[in-house]
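Naming follows writing order (A, B, C, D and E), and every chain is counted from residue 1.
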Amino acid sequence: MASLELQGLTKKYGDFTAVDHIDLAVRDGEMVALLGGSGCGKTTILNMIAGFIDQYEGSVLVDGKDMKHIPAYKRKMGVFFQNYALFPHMNTFDNVAFGLKMQKLAKSLIQEKVRRILQLVKLTGMEKRFPRELSGGQQQRVALARALVTEPALLLLDEPLSNLDAKLRVEMQIEIKRIHRELGLTTIIVTHDQEEAVSLADRVIVMNAGRIMQAGKPKEVFDRPANLFVGDFMGFSNFIAGQVRRVAGARVSVACSDRELVLDEADGTGLAAGDSVTLAIRPENILPAEKGAENALTGTVRNVTYKGTVTRLEIGDVFAETVFANIHESEDYEIGDAITVAFPSQKLLLYKKEEKRSE
Amino acid sequence: MASLELQGLTKKYGDFTAVDHIDLAVRDGEMVALLGGSGCGKTTILNMIAGFIDQYEGSVLVDGKDMKHIPAYKRKMGVFFQNYALFPHMNTFDNVAFGLKMQKLAKSLIQEKVRRILQLVKLTGMEKRFPRELSGGQQQRVALARALVTEPALLLLDEPLSNLDAKLRVEMQIEIKRIHRELGLTTIIVTHDQEEAVSLADRVIVMNAGRIMQAGKPKEVFDRPANLFVGDFMGFSNFIAGQVRRVAGARVSVACSDRELVLDEADGTGLAAGDSVTLAIRPENILPAEKGAENALTGTVRNVTYKGTVTRLEIGDVFAETVFANIHESEDYEIGDAITVAFPSQKLLLYKKEEKRSE
Amino acid sequence: MSDKRVGWFSTTIATLVFIFLLAPLAVIVLASFSPTPLVVFPPRGFSLQWYMNIFSSSTNFLSGFGNSVEVAVIATAIDVILGVTAALSVSRHPFKGKELLVSFFTSPMYVPSIAFAFVLLQIFSQIGSVPGLVKILLGHLVIIMPYIVRNTLSVLSGFNWTLENAAASLGASPLETFAKVTLPLIKPGVIAGAMLAFLYSFDEAVLSSLLSSPTFVTLPIRIMNYMEFSFDPTLAAISTVLILMSLLLMILLEKLTGLDMFLK
Amino acid sequence: MMTLTKQNKQLLLLALPTVLALTAFFVVPMAYILVDTLKADGTKYFQKFFTDAMYRGILKTTVLVSLQVTAISLLLGYPTAYFMARTRSRMKNILLIVIIFPFLVSAVVRSYGWMVILGGRGLLNQLLMATGLIQQPLTILNTSTAVIIGLVHLLIPYMILSITGVIQNIDPNVERAAYSLNANPLQTFFRVTLPLSAPGIISGCILVFTMSMTSYVTPKLLGGSKFRMMSTMVFQEVNINFNWGFASAISYILLFTILIILLFATYATAGANQRVGGGKRV
Amino acid sequence: ADKAPKDFKGATLVVATWGFTAANVRELSKNFEKTYNCKVVVDETSGNSDRLNKIMAQRKNPEIDVALMTDIFAAIGNKQGVFEKINPKVVTNLKHLYKFAKNGEGYGPCYSVVRYGIIYDAGMVKVPPKSYKDLFSGKYNGQLSLPDMASTAGPYLLVTLAQKAGGSATNVEPGFKLLKANKDHVKQWYLTSSEVQTAFSTGEISVAVFMDMNMPTLKKSGLNVKWVDPKEGDFSAAATINVVKDCKNPELAQLFVNYFLSDAVQNQVADRLNEAPTNKNAKMSAEKQEYLAYGQKAMNSLKKFDWNFINANKAAWIERFQKEVAVQK
């Protein structure tokens, strides 16, 4: 129903560049997740797409048409605002029905649609409440219902589920996904929840300081971050400095603090023995192992944090860097214990030295 | 520095009871996490503790003293508001410095304290920005800094990290934890993030519809939910109806849809063969297994969702109920595949039939 | 005056309204330079004689001006306190009888000044000798109250009361909360009300003329007296001077404070 | 509506000095004289007023003119206030001063300005005849039209200032939300902006209406002797006929008329005022 | 008169007058202050009615000692008992006044007088009116400005017209008929003199029944205005000087009245106040004589009215006037 293209989109506030030459094409019916640190420009991008900011550089094209002179109300985009922006003088029903009334739908149809969407966001019975009489999460769901109920061709959602508990959140994710699929709505969703991003979106965009760092399929971005910044952001909390020992096609071995790790499926192109590299691995990919297994190394437990489904261990004496491992086993670890963990060779990522990691 | 006790705390809005006879004692220096569905009354409880709601039943005691007639400003509680409540006419610095100025601290000291806390929440350089010039997450951090900087004996945090990305969120969690420990602040934190709750808090309170459903150590609540509601809320997404076959101390075997599961460490007291029960297990505790292993059953993959570190499988043909499993292996599953999964006997929880699960 | 943010409709109406507001004033400014005592349009020549008249001791405009400023400043200062506290007291929580109380605070507006002036005149006459300043001041205190209450109420209606909670949680006493949080945010309404009240008092003639004493006369009375007989452009000259003075004052204030005090 | 809570009562204490001041300096004197009037003349003058078609007609004229003045001030004042609240024009401060300019000019002098403009050979007629729009000069001065023009000029600043502050406080995202839901600027205005500015509108209308009801100088000077409003009659009884009793009676009739109309208006707009506010983020 | 004047050291005499005359009254009082070693404070309470209302309201605590006031208003005050009778033993200058200036009942006398007549703009009017009756000849329709019944001169005009049309001072019915018949021809019923001045200057009107004292202002503005003494005679509005009953300085007040009627002060009335003095000995410049009443003959031709009759009927006349003549538009 609608494709979207951003060309060199840029927004400056005085000297400060909030959004910096964003190029992005969103296919009709695609769901794109926008990820990025706080203040990296996500909301600003949505505001420009929706037509709320009129001074910017570059262009926003919908179905190939430049939106520059199309006012917001003619763009027919559904927007969920990060701060909800509920109409304070309208109750839940009227807030949600607003867009439908603008479409001049029949009263009975409006009532039916509102009833259904409120059921979906689990707010049945709250129709008469005003925003100030609702809890934070309830307000958020009213705003979500309001944005979804009109089934806009282009949907912009700015952290729509941030104030919901895990269970409700998953339920809402499923509903958003279902609506998206059934109606083929082109959707951009801003979220700080990576799991949400990868499970909802067809494509994930990771931003930093106004720029796109990586855009790709969820699995790609999640498993193969294009650079150290994205890796760090996507939860590769372990970064280990090393030097290439041997390159044999996709199999590379790297010396890290006088130990050696072997990588499978690494991109060996342009790598030579002696190159300085950084290896990255997720804490949840480090597994307890038997001594002598591939990439199994022994260290000392420095700290143990219970985190529900996993236990987070800080392990020293492996490399110069502390290793963080999220262990699933219910076995009890204690500080000072010796522990052997494996760094699965397919889970290790390799980055050449010059790439920077920090923001 | 401050202990807190709630006795029969109740808040009604007309006919609707938002908070329903809450009894809770928070020890000096304890950090308690308040968990519960959207609209269950968390914010309302904090508002009563802080002294913002003056019509309520029951009492709030701080260090044994009834707060009924103590106005909010004399209670010296640090509050983080779910909707931030930043002062729109003050820039970041002035927002954060407000509490310190009220304490009449020396100017240089105020500057130093603000500088340090802003560094901590990573907002150095934003001192002069007004709230409307900050992104959602930045606003949230200003509000957090404002609540923390005065080092109040009692700290009430209402979803302080909901708008931050995963990485920043963990960093902030660590800072909150550190400040809490170093200063021994008694803290109540509302969060919808279970991992946050269990990794931060000394105790977790799970609420529903204004009441406390379970209060206990994180591990307790997370691993041994007191009832089906808490289990469901804490992520035990699989509920399997069954009938007790045999009880042998802590070892119970249960028939579920013509298959049989064995439980270790179950509380067999009062159970007899033939009793109707419900078994619960987390998706992440269901593991791919060899046929013939204990509690290993074979079914068909119905749906596969990539969720980053795990892959969520919907498995049919095991019980009448669909089984959800979060599988860690990177192996690829496809819809229609046959799959054998084990239900580890120590990870299965058993609930007697009469307990209700839904809200 | 064009601004994309606003739209042509409001811009056009606003432009027309400003022309409408200024038109009679422009006439008055022009008239003040008329060479003849009765102004003819278009004026035949140019003269500053009426401006000299303002300062002549026989018209006594200067002392009247001083007295007017004195009354208006004191009355406005007291009423800002009384009016804002009154508005605050009824705004935060809804309660039965709120509208009634608001009507009470604004009731002096519902009575013609002459009627109230007369009532006061009779009362004061029974009390005995009360200084003119006090009589006029008390009268003005009452009649300008509604403007401050009304304007404060309307900004308070959109006030986010959570902010007061936030301030309280940070240890700000009610007074500090008011001074540092509430007041700065409702300032536009308070200033608007205070401005209207001040100007109302400054311009009030009916009540003042009945309550004035031989030794205390305000500018509007002097103007009225002057006008009773001669309608020469001296009054136009005074008006022009007042307009100019306020313009300078505002520009000065803006330069000094660096921000627009009314419109944030 | 809630019953008074403790906090509420404490807050109400804040109003005590105001209540006392108004009671002492306004209510008590007014009531005292009312009682005096009733004691001296009974309801004689009230009866006179209501049995005489001329006086009833004047009351009707007063109400009608005030309603027209209020409506025009609102229709012109609202867009102006909107402009003031939303423009980033550098002239904003100047415009603000312009709005309060008229107050610096005594109502009498201002009326003089209007006489020059609206007179039979006034500037307006000269302009219209020069442009050929009219052949015969229009009679505007000494008609209700002139009075309405003068009163709007006098009172529209109250409307503008009352509304501007309220519009400024509306969260811009709320209007954006309406746009995103396909509401055109007009719909957004009528369904979102306007209802949210209701407190300012109500306040402005009350100010303008009551001031118009009690106005004296403008109707006298621009309406001439064939145009009379309630205050004209009060002045006449006080200053020409020295009939204080009748003057009081007319004043109280005016006061009660205003109160009744306001009561009615308050009832009609109760919802609008209450719904607004609260629950919003910075 | 031979005795040395009494010393009133420390006394403050409050004299209430029109705002626009305040400066001149202050000026005129200088010698009085010197003579009696007292202070004269001038209270400028704009109109007659404001002054009278103030005095009536302050019966119990008079703030004012001496009040200057138009005759017809003073008559109300006399009737209401707020003024003291004049003591002829102190106010010896009474004897120099024209007869009409003395109050029959012994209340405050007139110290000056202004005439109402017809003023027209010769630039606009070809054939000037000669009498009040001429005003309604049809030639001046739409250009007329007449006093409203609620103004000081309104009832005078009514009575004058009534007498001309077959009525009398006590039968005003014919006057009302005449006004009613011509109501649509009158452009302006004025209440204050400034309205007339403005209307002249904007060309709204060209003929008015107006006061002589306004001539200089109109002339100075370049208007070619002319004065007509109507055939029916001029009617006058005289200014009286009154002592407030139970005032704080009764003795000094009487002395002030006497002082105000003295030749020395009366000689200055025409120049300072632009009104005609009522002391027979008073001199007047030729320039003033052009439009102010001067000399026995002029003074005798001034029409007299029965103020008490007018005052008793004024309210009813106003009401009738508003219902039948200046009908609400």
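Operating definition for what follows: a residue touches a chain if its C-beta (ideal position, glycine included) is under 8 Å from a C-beta of that chain, and two chains touch if they have at least 3 such contacts.
Worth saying up front: this structure is predicted, and the values here are computed from it rather than measured.
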Chains in simultaneous contact with subunit A and subunit E: D
Chain pair bearing the highest count of C-beta contacts: C-D
CA centroid of subunit A to CA centroid of subunit B, Å: 21
CA centroid of subunit B to CA centroid of subunit C, Å: 57
Could you put a whole-Å number on the gap between the CA centroids of subunit C and subunit D? 15
Show the residues in subunit A shared as contacts by 2 or more other chains, in ascending order. 83, 133-134
Mind pulling the subunit D residues that touch 2 or more other chains? 2, 5, 7, 112, 116, 122, 185, 196, 238, 276-278, 280-282
Per-residue multi-chain contacts in subunit E, two or more chains: 47, 50, 53, 198, 202
How about subunit E: which of its residues touch subunit D in the complex? 47, 49-50, 52-53, 56, 76, 148, 150, 188-191, 195, 198, 202-204, 314-315, 318-319, 322-323, 326-329
Counting only contacts in the complex, subunit C reaches subunit D at residues 1-3, 5-7, 9-11, 13-14, 16-18, 20-28, 31, 39, 41, 82-83, 85-86, 88-90, 92-96, 99, 101, 103-116, 118-120, 122-123, 138-139, 141-142, 145-147, 150-151, 153-155, 157-161, 188-189, 192, 195-196, 199-200, 202-203, 205-206, 220, 223-224, 227, 231, 235-236, 238-239, 242-243, 246-247, 250, 254, 260, 262-264
Subunit A to subunit B touching residues, read off their complex: 13, 35-39, 42-43, 82-83, 133-138, 140-141, 158-159, 162-169, 192-195, 198-199, 218-219, 222, 232-233, 235, 282, 284-285, 305-309, 312, 328, 330, 346
For the subunit C and subunit B complex, residues of the former touching the latter: 160, 162-163, 165-174, 176-177, 180-181, 184-185, 264
List of subunit D residues in touch with subunit C within their complex: 1-5, 7-8, 11-15, 17-19, 21-22, 25-27, 29-30, 32-33, 76-77, 79-80, 82-89, 91-93, 95-110, 112-114, 116-117, 122-123, 152-153, 156-158, 160-162, 164-166, 168-170, 185, 196, 199-200, 202-204, 206-207, 210-211, 213-214, 216, 230-231, 234-235, 238, 244, 247-248, 250-251, 254-255, 258-259, 262-263, 266, 270, 273-274, 276-278, 280-282
